[in-house]
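A, B and C are the chain letters, set down in written order, and residue numbers restart from 1 in every chain.
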Amino acid sequence: MERERFLAAVAANVTAGVLPAPPPITTGPPSLPDVDLIETFCTRLGVIGGHAHRCAIGEAVRQILDLLGEHAATAVLAWDDLPVPRLASLLQESGVELLASSMPADRGERAAHLGGYLGLAAGLTGADAGLAESGSVVLSHGPGRPRLASLAPEVHIALLPASRIVRSLAHFLAADPVVVARTANLVVITGPSRTADIEQRLTIGVHGPRHIHVVVLDDA
Amino acid sequence: MVSEPRSRVTQRVPTAPVDPKTTPVTFLGRAKLDLGSDKVAAVEDGARRLYRHRAEAVAEYPAMEEMRARARAGRMSALRNLDRLLARFADQVEATGGKVWWAGDAAEANAIVTRIAADAGAGLVAKSKSMVTEETELNHALEAAGIEVVETDLGEFIVQLGNDRPSHLIAPVLHTTRYDVARLFADRLGVAYTDVPEELNDIARTHLRRVFLSADVGVSGVNIGIADTGTVILVTNEGNGRFVTSAPRVHIAMMGMERLVETVDEAAAVLEVLARSGTGQRLSVYTTMLTGPRRPGDPDGPDELHVVILDNGRSRVLGSNVAEVLACIRCGACLNVCPVYRRVGGHSYGSVYGGPVGAVLTPALEGPEQWADLPYASTLCGACREVCPVGIDLPGLLLASRANTALRGGLEPGLRRAVRAYAAVAARPRAWGLALAAAGQTARLLPGKGWIESLPWYGSAWTDSRHLPRPAARSFRQRWKERRSGA
Amino acid sequence: MLRVPPVQLLVTCLVDALVPGVGEAVVEVLERRGLDVAFPEAQTCCGQPAFNAGLSAEAARMAAHTVTVLDATEGPIVVPSGSCTAFLVHHAPELLAGEPEAEAAQRVAGRLRELSLFLSDDLAEDVGMEAVESVRVAWHPSCHGLRELGITDEPHRLLAGVEGVERVEIAGADECCGFGGLFSVEMPEISAAILRAKLDAIEASGAEVIAGGDVSCLLHIGGGLRKRGSAVRVCHLAELLAGRAEGW
């Protein structure tokens, strides 16, 4: 259908129906009590089955290696820009294989490339923000930041500078609404992949990672 | 690689639509098939559990009422400006490299999706959960065009394998037990029988992972569209919504035209109340905000993004006395709390949208002919309005819907005559007084004393499960008169 | 001495025809508080049954009659029903908008008081109530009173003032009993299924009497209790306040 015809049908009805007037409202961040952001973030992430690990930037490599070891992961799909200096080379020096993150344009190559993600053990990403209220991490994707790193593997490790933890999703979006338009893909991740479709029994890891570890980097 | 997942999924029969020849044509008729069954007991358990989770989540979020008001305001204002917002949304989607398609009805929407998929050379379409594609029965159209389509939400996957229908807006297989799923997986996927949910989950994970990674096209619905930015928001717990919009080369998002809000701030308000109201989570696991297809330099994501905007009766609803129902954000809270839904399950409503919101939406979208009795499938207890995250006055809309359908098959003719006769008497006080006196006299002639235990014909609708109070020998007004004259 | 304004009683059709004792109890309770009670005798049914049936024209005719009768009186209008009050307050003005009775509907809506709200909000609560023989009472909050009028703790406060009443709770008390007016006869099997759960909860509560503010729901629950041979009785709040706890 033509756009004009479609919109004309909407316009013809838009004032005809019975619609209550919108109540007067405020915009911006909602009023929530002050909390210790880092503490709340870690607690809430734990409640939904994620794991928070607080550490100094200098200990980050050790922490990541420990986590990879814990999950027996030797290959990692990682973002290029991570908030720890020389992280990639340090990991490689420790024997961790870093996978190519860019998807080929060619259809056949693309399929083969994606096939490589079938048994992927771990993904390593940064995070644009942490949300204390919900224990979420916000990931903005773009060059050097593959979406699949936080989705395809069994384990997702996100590196979150503590200073980036804000009160809630509404606070994050109110502070910078344009953030959603600056990337083709912004995702808010709140715990490990889960479903309760079968008899309302909570089951972890139906499609996305079964484990999410957020390394909260003390950057104060 | 591409052909690999065509294993056993292709062997299933297509999902059956509601067949009016074999399905009872009335709500009550359909409900009676399920009333008291294990299937409905499972629905009630699940609905009550979701309701409890919601109550806890709402109680612990101090900004709930503020965000409800903001979500409501955002949705109402979007509906009041929908033509302008749709134009802006479409402009923004196209400015970010997406393509917008306009579909007047289900057939047109399905044809558009099928054509895009065929042009993309798709043999396999991976689909994430979407009510709007259930509404258009997209899967039939794709299958008829020889394109395999696999539902990837675990619940919808179970529905598809079992040739079943979803029974809840956000929990499609609320009516199914794990033993049903166990048998289904063993039969259709050729795996060893297990009824352990975790193991069933792993079977689906393995099976569907190959679907995600080899599908040429991903199809999703849209939870929220932001007009200001041209952003499409998807909310999922499993991650399938992320997969179908990240791995396949082409992403098609089908959106009911009313899904919009204008600003990011309004979208935030909706997101803050959506999961809390639906499952009791603070946020669903994955809130994905998509603005255009993959950009230059992006390592992954679809090369093409198509947004198919669907009317399919919505503009008519927008111009009606139940326009407010279009503000629904599909959280399912009104289903979970509804005493009728809890007893009859989602299938009784006969369409993809069940519960109080479906009882309003379906006759409004599709016309009252087949659905005139749906607005009567409610006790008007008002619990739905109390839990609605955008404050939709569902009892008010059910009443407005009844006024729309009462004379078009909604009200059973015998009851219609009875109510009319009653109204005629009530409009004349003298006749009313005489009628009460006559009822009192007649009641004495009925057998027994006290409550009436059994009545014939229409009366049995009451007395089959309840005794009926006997009209008083002397009405209140008679007693009042006697008292005053005696005084 | 200050003249107390008269109170108009809108007794409701169900009380008028089926349980006139409830109306008499309301009169007693009001008079004991020193109020003059008037009963506008031209009142019939407010129109809610037709409105809920979707028959707007018939509902408007009945509502027009009701508001005309009530508008000719003065003082607060007390109603022993949350449901009828909610209809006349929230729906009748809308239904009669543009009709000759539109203004009367608005005025009447402003004067209407559901009984328990009137007794606890408009009057001092410590006006003595009759004592009853020791009895276990559970409150059934009818949906329209609860959700359209916001009646929550008022009846409980009133019941707490009745000597001899021991209060118990029904699990899931705020869930609908399945009556729904016309719904109970148009979809009787579903109505009965909802009622069954309510009756189970009632019997598990240990209550001897179920008190409520709406005769409609009480007739539904009471009829269900009778059908299953239960000894639990139902009664209207006004009856307990008037010292009558035997129920029906």
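Brief remarks follow.
Throughout what follows, a residue touches a chain if its C-beta (ideal position, glycine included) is under 8 Å from a C-beta of that chain, and two chains touch if they have at least 3 such contacts.
Everything numeric in this text was worked out from a predicted model, so none of it was measured.
Of the two chain pairs examined here, B-C and A-B, the one linked by more C-beta pairs in contact is A-B. Using mean Cα coordinates as chain centres, the one most removed from chain A is C. If each chain is reduced to the centroid of its CA atoms, chain A and chain C end up 54 Å from each other. Separation between the centroids of chain B and chain C, computed from CA atoms only, is 34 Å. In whole angstrom, the spacing between the mean C-alpha positions of chain A and chain B is 29. Within the complex formed with chain C, the residues of chain B that make contact are 27-28, 31-32, 35-36, 339-340, 343-344, 375-383, 385-386, 399, 401-407, 410-412, 415-416, 419-420, 422-423, 425-429, 432, 436, 439-440, 451, 453, 458, 461-462, 464-472, 474-481. Taken together, the chain B residues at the contact with chain A in this complex read 1-2, 42, 45-46, 49-50, 62-63, 66-67, 69-70, 72-74, 76-77, 79-83, 86-87, 90, 96, 100, 102-104, 108, 152-155, 158, 171-174, 176-178, 181, 197-198, 200-201, 204-205, 208-210, 212-214, 226, 228-231, 237-240, 242-243, 245-247, 249, 257, 263-265, 267-269, 271-272, 279, 281-295, 297-301, 303, 309, 311, 315-324, 393, 400. On the chain A side of its complex with chain B, the touching residues are 1-3, 5-7, 9-28, 30-33, 44, 48, 101-103, 105, 107-108, 110-112, 114-115, 117-118, 131, 133-136, 141-148, 151, 168-170, 173-174, 177-178, 180-181, 183-201, 203, 205-209. Contacts from chain C toward chain B in the complex involve residues 11, 13, 15-20, 23-24, 39, 41-45, 47, 49-56, 58-59, 61-62, 65, 69, 91, 143-144, 146-148, 174-176, 178-195, 219-220, 222-224, 226-227, 248.
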